[in-house]
Each structure stands twice: as structure tokens, then as C-alpha cells.
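All chains are identified by letter, namely A, B and C, in their written order; residue positions are counted from 1 within each chain.
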Amino acid sequence: MAQKAEYTLRELADAVGGKVVGDPGRVVRGVSTLESASEDEISFCVGPKYLPLLEKTRAGAVVVPEMLRVSKNAPDRIAVGKIDEAFNALTEFFIPDYAKKMSGIHPSAAIDPRAELGEGVAAGPCVVVQSGAKVGARSRILAGSYVGHDVKMGEDCLIHPNVTILDRVIIGSRVVIHSGTVIGSDGFGFTRETPGHPKQRQLGTVELGDDVEIGACCAIDRARLEKTVIGRGTKLDNLVHVAHNVRIGENCFIVAQVGIAGSAVIGNEVILAGQAGVDGHITLADGVQVAGRGGVTKSLSEAGKYAGCPARRKSDEDRRVALTWRLPKILERIKELEMRVARIEKKAENDRKPHSD
Amino acid sequence: MAQKAEYTLRELADAVGGKVVGDPGRVVRGVSTLESASEDEISFCVGPKYLPLLEKTRAGAVVVPEMLRVSKNAPDRIAVGKIDEAFNALTEFFIPDYAKKMSGIHPSAAIDPRAELGEGVAAGPCVVVQSGAKVGARSRILAGSYVGHDVKMGEDCLIHPNVTILDRVIIGSRVVIHSGTVIGSDGFGFTRETPGHPKQRQLGTVELGDDVEIGACCAIDRARLEKTVIGRGTKLDNLVHVAHNVRIGENCFIVAQVGIAGSAVIGNEVILAGQAGVDGHITLADGVQVAGRGGVTKSLSEAGKYAGCPARRKSDEDRRVALTWRLPKILERIKELEMRVARIEKKAENDRKPHSD
Amino acid sequence: MAQKAEYTLRELADAVGGKVVGDPGRVVRGVSTLESASEDEISFCVGPKYLPLLEKTRAGAVVVPEMLRVSKNAPDRIAVGKIDEAFNALTEFFIPDYAKKMSGIHPSAAIDPRAELGEGVAAGPCVVVQSGAKVGARSRILAGSYVGHDVKMGEDCLIHPNVTILDRVIIGSRVVIHSGTVIGSDGFGFTRETPGHPKQRQLGTVELGDDVEIGACCAIDRARLEKTVIGRGTKLDNLVHVAHNVRIGENCFIVAQVGIAGSAVIGNEVILAGQAGVDGHITLADGVQVAGRGGVTKSLSEAGKYAGCPARRKSDEDRRVALTWRLPKILERIKELEMRVARIEKKAENDRKPHSD
């Protein structure tokens, strides 16, 4: 991992409000995992599960939760209250966050004079911002990204390179959108009954709540007339498809390659694991969790784990699948029964015959 | 929904050749759904199914099919012959279609002097059109899109932002391509038998018929030597994969996240629902409809509904799946039979034993 | 197929070290398939399987492997040692490879002065190369592509238009990346236990080995701390998702729409067919082959063919599925047994009754 600078353990501990155990003057020049760190690097032991790795690490220093009991011969360390926050803060010392540092509007960016950019907005090379768009303070739009007409974007958003945000889309604050993703493409609406299947204009929009994060190469379609909604705090992984008029609640996790068909309504705190699918016009209650590859074809009104296609309670589905694996045995038992019954029948037949002796 | 202007009901009715029932002087300032419209907005009641919503709407005016029987206390309205056309025409009064209005070549576009642009072609910021490309009259290429060497594009096409159309691709007229999509990427062809798996050059192209629409983030590979073809009027949703040498007929609907493997041949009026897959080198007859997540592994020579993976007639597949859900009951019945047979056998055994009394 | 030039059979044979059988002065003006070629075109008969097409072809000339026995009345031909190499070499005479010919840096490209471009590097319009990036000799970066800060790219790479390569990604030599693809997007990492699900910074990178090829619209996430790795010679098709910390071995084929979850380890020479999925934190041995739509949920420690979801040995899975199709028959056999057993029981009951005669 690239080493950018050097710091003493004391300096790093102070930066995260941690406590040094060991030599505060130890010099740290990089950050890595417990398995890979070398003597001038710092690493992280986030919980008891990783204590065996801590035993063997060659890291010169480690960061540990203050509650974690560590053996005496562990490396020099920083004990912290919140290990995840310390991780995020300390790694920034060594691994540059170029997006955070960018500033200003690149000369090759095409910003329409009728767009409004808030204070400290940054735009990279070949960025396009169209008329009527409003971008909130400190939002950063990286190279090649497109912000359409009348888009409204909140503050502190991070739009990675080559993202496409189409006309009238509404984006909250602190939203992160990864490269290749398209927000506000037309819903898949055609009049099947009419010859030539004329297109139904898709006039609604997409609204992303605060703190939403959308992965790479996702496609989120605009509603036909109103809004496709992704609620505050919900995170999408890569290559996810969200059709028109879908409403996703808050704090959901939608894992890679999931597809959600038109007008589906997803509650809060829902988890859809990888490659799952949700049919159109159905409702998933708060707290539903669908296993990978699950295909939900009917509304689910209770929280809990579901699996299979069509999806059912995970425990039922697991049992069903397990039983199909017992089919060879089941068939043998049927054959065995057939033989035994035949034997009984034959014997009865013989018993009934007149004795000829 | 953004209000851009105001019109009287009479003006709107005249624009679509409709008939006003009620106050022709009523002022309309926006458009919305029956559920959400306010008193200065117009809405649409497209058929009898929506009459209950019409009863409750607060919309100041509505558009209805002239055949639809509406209660007397319905809002002021415009009766029209074709409700879908009226929808498309009237909504344009209130919701701007920026792509339709764009014109000219943006100064940041890189148009090769050896490319030919027809009359009225528009190109947005950072558009690239390479040498030998021919773009038909009135086609619009939005920001950041790429049109490769020797591409032939018809008239009145709409290429959304950040689309990639690679060398020699052939595109009909009135074709719509959504953002993030790639037309003419190399087919997945390597010589597996040779060490290092050398690449087989992919020299063919892709041909999209007139009135084709391709969703966001799709990948359509070029043929090895000839053409990957998508027939006139066929519509693709988002994140669809079409491999090299595939031929898709006319007026098909290919729903989101479908994958079609190399050299498959799809008939006309075929529907592949979301996340379905079609194996390579097989043929689907006209009118085949594959359910969501269906996986077609063999040619289907008759129209009709198919489901499952491997896909079979939908009715058969549904029955098969239903029976697997009865496996617990089936197992109980087998156990019961085993007990009864054992009882019979035991009794017969006892009967046969010599009495020792 | 566009004809760019004309050559004699002798000239073409010399170019690939082949031997002319027939008229060396025959003029060739294009290349096509055996089915479609016309009299002034050359075609390829790569093996005995295609001899029936060779019988019927109207091609003026053909290229054949020198080992192939061809009928006397076959067209004039070039016999070659390696048919695939001859195909790649000869087709270049007729179908221009514009990417190969491109040179120089387009004036609209934004190349940071702190980036290092090797000798002969070419960059198309609107390409962005950020500070600290190093691009090896003769690599070509096509229009609209983004090369982030500190990226390291080897020699002779081909980056198609609108590709996104994010900060610190490491790319070998002769790597090909197709349009719409994103390398180095953030892994999907959030702390689920903490309210608000704070993001875990994704600080690692992605490393693509030499001769890797990545299809269109793929998303390859960076590791949290170390590297997501795709080994030398491995080929990915379109719309593939590779999550953070995944390690894929050498010479694998990952077919379209496959998803590989976080920290999975894939061996060498593995084949994952279309729409397959691999769960996180599991290991697939060298030589594993997963059928299309297969979903691997547990580590597979032996080479061989697997199928189904959850994936098992393909032969077992095929048998399981076949047996589920026999469930209607199985149910009939159970009913039949139940009737026979009831008959036996009834008869035994009757026999036991005291005779009242």
C-alpha cells in the first residue's frame, strides 16, 4: 500500500482521541491488514475474532477497541472507543482521498450559466451541468458525469466519474453515486395493445433521500408521472435495476444485481441479497430479508427471512429443497413397498386357491 | 410537478382534437395523477379501472376516452379518441422535453470532419463522432455519448447521455438508446483449445431496426463476422445482455436483466420477462413468452408461456413446483404405508407360526 | 461487409505464411462467412464440421487448415498451419481496426501534467488521466475514458470508450477493457450494527493481471484494505459483478451477468457460465465449472461440473431435477399402493370376523 507520509503513534492517537499503549514515539509509515502489514505499518484488530491474526501479525502498531483484551506481547497500540471511526480517520493519513481534496470547476466542464452551484461545489473535467440544475454546497461531481436540466442535488454529495443524472431528478444530501450509474432513465412503458407499441412518455422523476448510496452500473428509472423513491439511508450495490414507480423505504440494503419491477413497494430496513428479484406491483413489509437469488412474486406482509423462487419462508424453502434431494430415497421406498405389497397379494391369492394335494 | 405555464381547457382540447365537457375557460397550470393532482392541474382517467380514483380526485380537470361513461359530478373534462396520444401531447405543455428542444453542435463536441451529420442533427457537450460516421436528419446525441467510426444512424434517433456506439454499428430511424448502454462491444470469443486462449477478432457489427428502444446500461455485442440483429420495434429494458450473433425479431419485449447467449435466434413478438436467460445456439418461435427468471436451454418451437429453469410449459412447471411443496405430505403417506404393510406382514408371520398351546 | 481494398490470393497467403492451392492471381476484395461470402470475398473453413458449408459456399476463395481434407472442386484456397491466427491477420486487411491506428493525444483530453504516459500512448477525445497515473507504452485510451489518480497501467492495453478506472487501480499489460465498465468502485461495506450504517472506507484497490479482458458494463469493486485480484489471462464477459476482496485465478472464463460476492476465492481455469453466482467468503478449486444460473453457496474443493442453486455436482443436480418432473407419476404410485393396502386390510378384517352362518 502506498506510503505517503510518516507519523508517530502519539500523533495518530491524538487525531482519533485514542490512548497509546506502548511506545508513543514509534513511527508509522503506512496502513495494512494484520496479515500483510510490515514493521513500519499500522493495522486494525476490530474484535475478538481477529485475535489469532493479531498474535501472528508483523505490524509495528495496531489499533484496537478499548474493550478488547489483548495479550501482553501484542504490538504497540492505540486503544479507541469506536474502532470503525478510528479506521476511517486514521487511514486518511496514509491513503489520499483525492475526491475529498478536489476543488473548483475544471475548465473543460460545461456548466450552463442557468445552473446554480452552491458554495464549494467542485466539478472535474468534461462534467456537464445543464440549465436549471441546482447543486448544493460542497457537492463534488467527478469527471465525465452528467447532471441534467432542473436536477436538484443536496449538499456534500459525491458523484463519481461517468455518472448520468437525468432531467429533474431530486437528490438529497450526502448522497454517493458510483461510476457508470444512471438515475432517471425512462421507465419501460409501451402500450402493448396498440400496433407498433407506442411509447408512453415517462414524465415523473426519481428522488433519492439523504445518505443514500448507489453502486456502480445501476439503472434507476423515473416514474411515469410521479416519483420513483429510494428512502433515506438506503444503500444499493452494483448493477441493480429499479423500475419506474418503485418505492424503497429507509435503511435498506439492496445487494448486487437485484432487480425490482415496476411499482413495487419495499418497506424500511429490508435486505435483498444478490441477484434477488421482486415482481411488480407487490409490497414487502419492513424488515423483510430475501436470500440471494430469491424471487418474490407475492406481497410479503411480515418481517423475516424468505428464499427461493417463488420466494417463501426460508425455513420452508430449505426444507422443500432438502426433500427434493431425498427423491432418489423416496423412490426406492416406493419400489420396496410395491414389492412387499405384491408379495402379500400373491400369498393371499395362493392361500385362496383350492389345494390340489 | 413543476408548473411551466397556464392554459385554458379549450386551448388544451383544441391541441389534441378533443371535446370539452364543462367549463372551457378553466385554467390549467400543471399535470399529475388522479391521486395527486390539485385544483389547477389536469389528470388522466385512461379507462373504467380508474373510475374509483376519478370519483375521489381533486384534479381541476381530467382527460377521458370519449367512450368512457363518467358520472355527472366528475370534474370538467376533455373527451378524446386516443387517450395515450392525448397524454403524450398534453403533458408536453407542462413538462419540458429538453432533448426535443436541443439544437446545434456544442462547442465541446468532437465531431470528426469526415463524419456526415444530416440536417438538424444536434450534439451535446463532450459528444464524440468519429470519421466515417453518418448521422441521419434530426437525430439528437446527448452529452458525453460516443459514435464510432463508420457508424450509420438513421433519422430522428435519440441517443441519451453517456451512450457508447462502437465502430460500424448500424442503427435505424427513430431509435432510442438510454444512458450507460454500449452497442457493438466485442463478442466473448476466445480459442479455448489454444494455450493463452487467444482472442478471436470480433469483426461483425450490430444492426438495430427502426423504432427499437434500448434501456440503460445494456451491452449488445457485435457479431464475430456478420451482424447481431435487433428487429424493428423491439424494446429492451435496462441491464440486458445480448451476445454476439444473436438475432432478435420484431416487436419483442426484453425485460430488465435478461441475458441472451451467443447465436440464439429469437422470433417476433417474443416476451422475455425480467432476469430470464436464453442459452446459445437455440431458437425461440414467434410469440414465445418466458416468465421472469425463466432459463431457456432448448429451442421452443411453439408460441405460448414458458417458465422455470430449464424452462418448460408454464402450466407444467407450475404443477411441478406445486408438487415439490407437497413433498412433506408425500413422505408422511409413504411412512404411513410402510407401517400398515409392516403390520400386515407381521400378522401374516404370526398366523403362519405353529401354535404352541 | 465493407470492402476497403483488393489483394491477390498470393499476397494474402504470403502475409500469413500460407500455401496457395489454385489461382494465386485471384483478386479478393472482402471477407465474410461461408454462407454469406460472394465471389470476390474470402472466407474461412476452420474444421471438418464446416465442410458441408464449404461445399455450398459462393466465396471466391477460402482459408483452410493444412490438415483439412478438402474436395477437389472447393474454391481456390490458402492452406495454413494455424487457422485462428490466419483469421485474425487476414481480416485486418479488409476490416479496419481503428483503435490500432489511433495515435497521439486528442486536444480535448485532460491529461494531468503529473501523469506519466509511456512512448506511443494514445488518448482520444475527452479522455481524463489524473495526477500520479502511469500508462505503459503503446496503451490506447479511447474517448471519454477516465484514468484515476495513481493508476498503474501496463503496456499495450486497450481501453475502449467510456471506461472508468478509479484511483490506484493496477492493470497489467495487454489488458482489454470494454466500454461502460468500472474498475475500482467502492466495495459494498457498511457497519450494519451502528445506527445510520456508516460507510466503511474502501481503501484497497483492484489488480488486473496481464492479458486480462473485461467485457462491457462490468463493475469490479476495490478491496477494503488490500486488493481485489483478477489473475493473468482471465476473461470476463459483459455485466459481471466482482465484489471487494475477491480473488480470481488465472485463465478463467466468467460469462455474462455472473456475480461474485465479497472475499470469494476462485481458482485457476475456472468457468462460471452466464448468470451464475458465487457466495461470499467461499473457495472454488482450480478447474471448477459452474453451469449457467448455478448458485454456489459452499466451497467446492474438487474440479468438475456443478449446477443448480445451491450448486451440487451437475450429474446429481440433473437427476434431482429429473426426479421432480416424475412427481406426478410418483403420486399416482402412492395412491395405487394406498388402495391395494386398504384392500388387503379390509379383506383381513373380513376374514377375522366371526362367521354368522
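General observations
Keep in mind that, in the parts below, a contact is a pair of C-beta atoms (placed from the backbone, for glycine too) under 8 Å apart; a residue touches a chain by one contact, two chains touch by 3 or more.
As the structure is a computational prediction, the values presented were derived from the model and not from experiment.
Relative orientation of chain A with respect to chain B corresponds to a rotation of 120°, obtained by superposing CA atoms and rounded to a multiple of 5.
Homomeric contact chain B/chain C: same residue numbering on both sides for under half of the interface positions.
Between chain B and chain C, the centres computed from C-alpha atoms are 25 Å apart. Of all residues in chain B, those that touch two or more other chains are 108, 126, 144, 162, 180, 217, 239, 257, 275, 324, 330, 334, 337, 341, 344. Listed in rising order, the residues of chain C touching chain A in the complex are 108, 110, 126, 128, 130, 144, 146, 148-150, 162, 164, 166-168, 180-182, 185-186, 188, 190-192, 194, 196-201, 203-204, 217-219, 221, 225-226, 239, 241, 243, 257, 259, 261, 275, 277, 279, 295, 297, 309-310, 319-320, 323-324, 326, 330, 333-334, 337, 340-341, 344, 347. On the side of chain A, the complex with chain C involves touching residues 1-2, 31-33, 36, 84-85, 87-88, 91-92, 95-96, 98, 106, 108, 124-126, 142-144, 160-162, 176, 178-180, 211, 213, 215-217, 233, 235, 237-239, 251, 253, 255-257, 274-275, 292-293, 321, 324-325, 327-328, 330-331, 334, 337-338, 341, 344-345, 348.
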